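What follows are several structures.
In the two complexes that follow, chain A is the common piece, with chain B as its partner first and chain C second.
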Partner chain A sequence: MALVLPALLVIATFFAMMSTMVVASFSPADAVQGIRTYTLEHYRRFLASSFYWGYLTGSLWISLYCTFITAVLGYFIAYFMFRSSSVVRLVVGSVLIVQFFTAYVIRSYAVMLLVGKTGFLNQTLLALGIIDAPLRILFTQAAVAIGLVQVSLPFMVFPILASLNAIPTNLEMASASLGASRFKTFWTIVFPLTLPGIAAGVVVVYLFELTSYIVPGMLGGGYADMIANLIYNKAMRSFEYGFAAAAAVVTLVVSAAIVYGLNRSFARITRYAR
Partner chain B sequence: MAQVELKDIRASYGGVEAVKGVSLRLEATELVAVLGPSGCGKTTLIRVVAGFVDFQGTLLIDGRDMARVPPHRRDIGIVFQDYALFPHQTVAENIGYGLRMRARPRAEIRARVDELVELLRLGGFAARYPSSLSGGQRQRVAIARALASEPKVLLLDEPLSALDRKLREEMQVELREIQKRVGITMLFVTHDQEEALALADKVVVMKDGRVRQIGAPIDIYLRPEDDFVAEFIGKSTFFDATVVEAAPDVAVARLPNGSTVRVPMRGAVPRQRITFAVRPERIGVSDRRTSREGMNAVDAVVDHVVFLGAHQHVRVRTAEAQRIEVLASNDAKWRQGDTVTVEWHPNDSVVVRSGGVPVQTSEYREEERT
Partner chain C sequence: MSSWRSSHLLVNFVGSVLVGLLVLPIVVLIGVSFNAGVEQVFPPHGFSLRWYANLANRQGFLDAAKLTLALALGSACISVLVSLGAGVAITRYRFPGRDFLLTLLLSPLIVPQVVVGMAFLVTLSALGIFNSIVSLSLLHCVITLPFALRVVVVALQVHPASIEEAAQSLGASPVRAFFGVTVPQIAPGLLAAGVFAFVTSFENFTASQFLVWDRTTLPIAIYTSVQTENDPTAAALSSLIVAAVIVFIAVFNRFVVRHMLAGRT
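And then the complex of A and B:
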């Protein structure tokens, strides 16, 4: 029982925070202290204006395609590590872990240096004669996308690597002995068995990207804000707490629905395990 | 249905040699058991034949050199020790996998899967996933999967070791029947000697990456060529003795206690040191008075008796502390401390080690020259 207590505390704190936010989202902007009244004005305002909910759908969309890119890139990296010698695996793993523990601000800054007007990318393309004038990448959605993929890669690579490592080598041998080429063995045996790892990575990365704040803030420069930037601006710049809370609640509900949906479909993929 | 030939096969893992020159021949439709203690290279040998480890030497299947043939083109079925069933595929999908990889028509795959489900008594499990099957059922699926695409050779790596005794014995009978019915060449790895003797047409005994003896089960059991084989296959009592008299086919040897015994042996030399083995079930225990003529006999005291149902295991000890294991019938009752005579027929002893003539003094040589 003593072990359950800390967990209860954490859960209690979490619910306190959530309920404060929900209460705030229903409180009128001109509420008088001490008098409780409820209103739907914040929700109405958020949902009625395509300008506002555009932030949400925009964020859902960019997170969707960035998660896809992250999954593809992450799979390649994980598979490369899986097939490499232990030394290579250690080096690549260390790089990922070091970048994982580096503050987002620093990593986003690194991406800024990379894609900026005089950054490495533009200089290389100019030097190769592929372009005549520097591309404008920084402060566009493209820069945000690059940043999102970059910061969320470790969340994808490690679960996939774990599921690759969990596949008994005998399975690949069995497949080969039954006449499957290496490529067929990958598609019919290895890949399906890494779906749980991909699923775990996708859920985490999607939520992580959807609620990103620093990356769009720095790399979007205000031109490619995501939903978290809107909430922050409303709460901390213009002090519209009720509106910010309503936007947050809607985002939370949508995220919960997405996680539920993803888990449902992934559970179907891995039903063989029971 | 193929003939497999291994010639001086060597394989190593990062500099450590696991198989050190194995030569072996499997005739078509023969069931050969490879028997040996853990770590002697049995699995490695299977991997060599299947194409999963690099090797030196020559591997021929139906006369064709396999050195450059990748595993998926070798047409070899494998049943792994842990079955290696594909967890995300149903029983039917597992069994049909090899045919799907060979892009056979669907109707043919379905018919063949049904046939194997029937053959291995897997009716009712076809739609299940491997995780919901018992050990014996999984193993039958593994065999069905390996047989489905009618491979030339079936390799089995300790396929029965995970099963309990009763199921194991049932599966041994079943395997043998399937092998006869399908008429496939099988290489069967095990460290269970009873299993090897019961199943195989030919037994290969390995130790430390080398073959110690190849032969029919009865030869391996009754005529082990060295002390390792004699010890590893069944139980044996080993006697050290010195030859005192040599006839063409038989030698008279003296045991440490001074009594003499007769041992079947060719080319024995007086003063030669030998070790011979006698199986426990070939030794009789009796009162000293009932000793029979023509038998080798040794006096001993009963040390230990274990009742085994149909038999009793009696361990006796000579005055020189030589232990002798006896598997006696259950009619006589022996007690610890009884004074007995153990006897065996000379033909039931096998010389498993014969050293050279012990170092002789120059004096002796002088005598011999004159």
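And then the complex of A and C:
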């Protein structure tokens, strides 16, 4: 099939490179040119040391609670847009789309200017007399968490808004006419119908946050590194390609397992909503 | 009725606050870029355009901008053409393993960028290729293809083959029917695919940073500048890019929004 050939060529390049990385992760650090030997030393080193292993569990944990915060805030924004007039919806939608298309580097830098020692947040709090000395937010895990939520919010809002828009309007009217309160209508009718949207957002956001590099790099400043920073530092600062490749393979396997697991369990939860 | 009103007020209030918080960093960024002094403070102390003028002296940023634009345009064009071929094959022809082929072609989407960068680094350094332009071109074609392909496939599915077949039954050759009937129909989809590919390439940082041996890209130049310098030049450059994004969206909005949900993860 001549039509798919170029695409197959591109994807073959991709898989060839991925396999080279997997091979590199099993190659000894002191490999002799021309002789192929295999070893598990890199994996053993990564998995045996809680120092290295901690980067992965730390990343899993921070992205878990940040995904939860993103989901709650994202739901609020989506619901606000859903309930608002078309003008408000256009304005908020434009804000989100601009965020969506602006490079992560720029958005992280903007958060840095906001939460830094002389940043807008500290200056406002000082001027209002709420604090006496600037808060140390930048270069802590809190700054990384703020950055992760800020950067990934659009990924959460769009799928939730799509599932809200798909709800027939007369469904809510029917519920109200049968005597349900506004909150009961939301909780028993609207919310369950938006579960597929939440599920789609959660999968994308969790994977994105788990392996983000720029946000911890810029807002953590080396004090709150995540797994992607470890891989980069090992490869580009200390040139331990084998070890970095092994860490990358572990990260790939863990994130693929998470996507698979989340999709499976969400499919069960949202079975009735579809 | 009063409970309805109060819950409505609550939603509006919390929603407005959240949207305000979402915009705030970008507002601060733009404010900082207009500082008269070297401090990166908001509200700005004084007003000047000196940091924008300073950009003209920064050859590093200019070189990075040229390379980034060239990469984004080149990889977007290639990805759209390649996706068009693959998309037509997948949506218009029946052959065994068709669904598997689509899954295979979209599979790079779930591979984290840091893993992709690592794979390219290991392979290219083993091959002795330490040329950033060659490496980044290859990388950007690989990472933009699935984004473009997903949009193109949806566009082709929405426009059924029946109209193309009608043109053929009226005597048009298959090639003429395709380029005269189908391509104009899916043109907005192709444009949207190009926009997504362009943006994906333009803002790519995590995978690209493994391959910047002799040249660098704009996001990486901004990152390095933020880490090593302490004046609002990077804020001025970032504000310019935000302004470009706003203009870009104003122009392409009607093509992009429709494909928003099909477009990107």
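By our rule, the second predicted complex is superposed on the first by the 259 of 274 C-alpha atoms of A that agree within 3 Å, B and C clash if a C-alpha of one lies under 4 Å from a C-alpha of the other, contacts with A are read in each partner's own complex, and residues count from 1 in each chain.
By definition in this document, a contact is a pair of C-beta atoms (placed from the backbone, for glycine too) under 8 Å apart; a residue touches a chain by one contact, two chains touch by 3 or more.
All values derive from a computational prediction rather than experimental measurement.
J.: With the two complexes overlaid on their shared chain, look at chain A and say whether chain B and chain C clash or fit.
T.: fit
J.: Comparing chain C with chain B, which touches more residues belonging to chain A?
T.: C
J.: Touching A:265 in the superposition: chain B (first), chain C (second), both, neither?
T.: Neither chain B nor chain C is touched by A:265.
J.: With both complexes overlaid on chain A, does A:17 touch chain B (first), chain C (second), both or neither?
T.: Only chain C is touched by A:17; chain B is not.
J.: Based on the superposed arrangement, let me know which partner A:171 touches: chain B (first), chain C (second), both, or neither?
T.: It touches chain B, and chain C stays clear.
J.: Is A:238 touching the first partner chain B, the second partner chain C, both, or neither of them?
T.: Touch status of A:238: no partner.
J.: Touching A:189, do we find chain B (first), chain C (second), both, or neither?
T.: A:189 contacts chain B only, not chain C.
J.: Mind working out whether A:7 is in touch with chain B, chain C, both or neither, as first, second, both or neither?
T.: A:7 sits against chain C, while chain B stays out of touch.
J.: First (chain B), second (chain C), both or neither: which does A:181 touch?
T.: Touch partners of A:181: chain B and chain C.
J.: For the superposed three-chain arrangement, provide the angle chain B-chain A-chain C between C-alpha centres, rounded in steps of 10 degrees.
T.: Nearest-10 rounding gives 80 degrees.
J.: A:207 in the overlay: touching chain B, chain C, both, or neither? Say first, second, both or neither.
T.: In the superposition, A:207 touches chain C alone.
J.: Looking at the superposed set of three chains, what is the minimum CA distance between chain B and chain C in Å?
T.: Nearest C-alpha atoms of the two chains are 7 Å apart.
J.: Please report the chain A residues shared by its interface with chain B and its interface with chain C.
T.: Overlap of chain B and chain C footprints on chain A: residues 181.
J.: Any idea which chain A residues touch chain C in the complex?
T.: Of all residues in chain A, those touching chain C are 1-7, 10-11, 13-14, 16-18, 20-21, 24, 73, 76-77, 79-81, 83-84, 92-107, 109-114, 116, 118-120, 123, 150, 153, 155, 158-159, 162, 181-183, 204, 207-208, 210-214, 217-218, 227-228, 231-232, 235-236, 241, 244-245, 248-249, 251-252, 255-256, 259.
J.: So in the complex, which bits of chain C are touching chain A?
T.: 3-4, 7-8, 11-12, 14-16, 18-19, 22-26, 28-29, 32, 39-42, 81-83, 85-86, 88-90, 93, 95, 101, 104-105, 107-108, 110-123, 125-126, 138, 141-142, 145, 149, 199, 202-203, 205-206, 209-210, 218-220, 222-223, 226-227, 234-235, 238, 241-242, 245-246, 248-249, 253, 256-257, 260-261, 264-265
J.: Using the touch rule from the top, collect the residues of chain A that touch chain B in their complex.
T.: 168, 170-171, 173-181, 184, 188-189, 192-193, 270, 272-274
J.: Show which residues of chain B lie in contact with chain A when the two form their complex.
T.: Contact set of chain B toward chain A: 47, 50-52, 70-78, 80, 82, 84-89, 97-98, 101-102, 129, 131-132, 145-146, 149.
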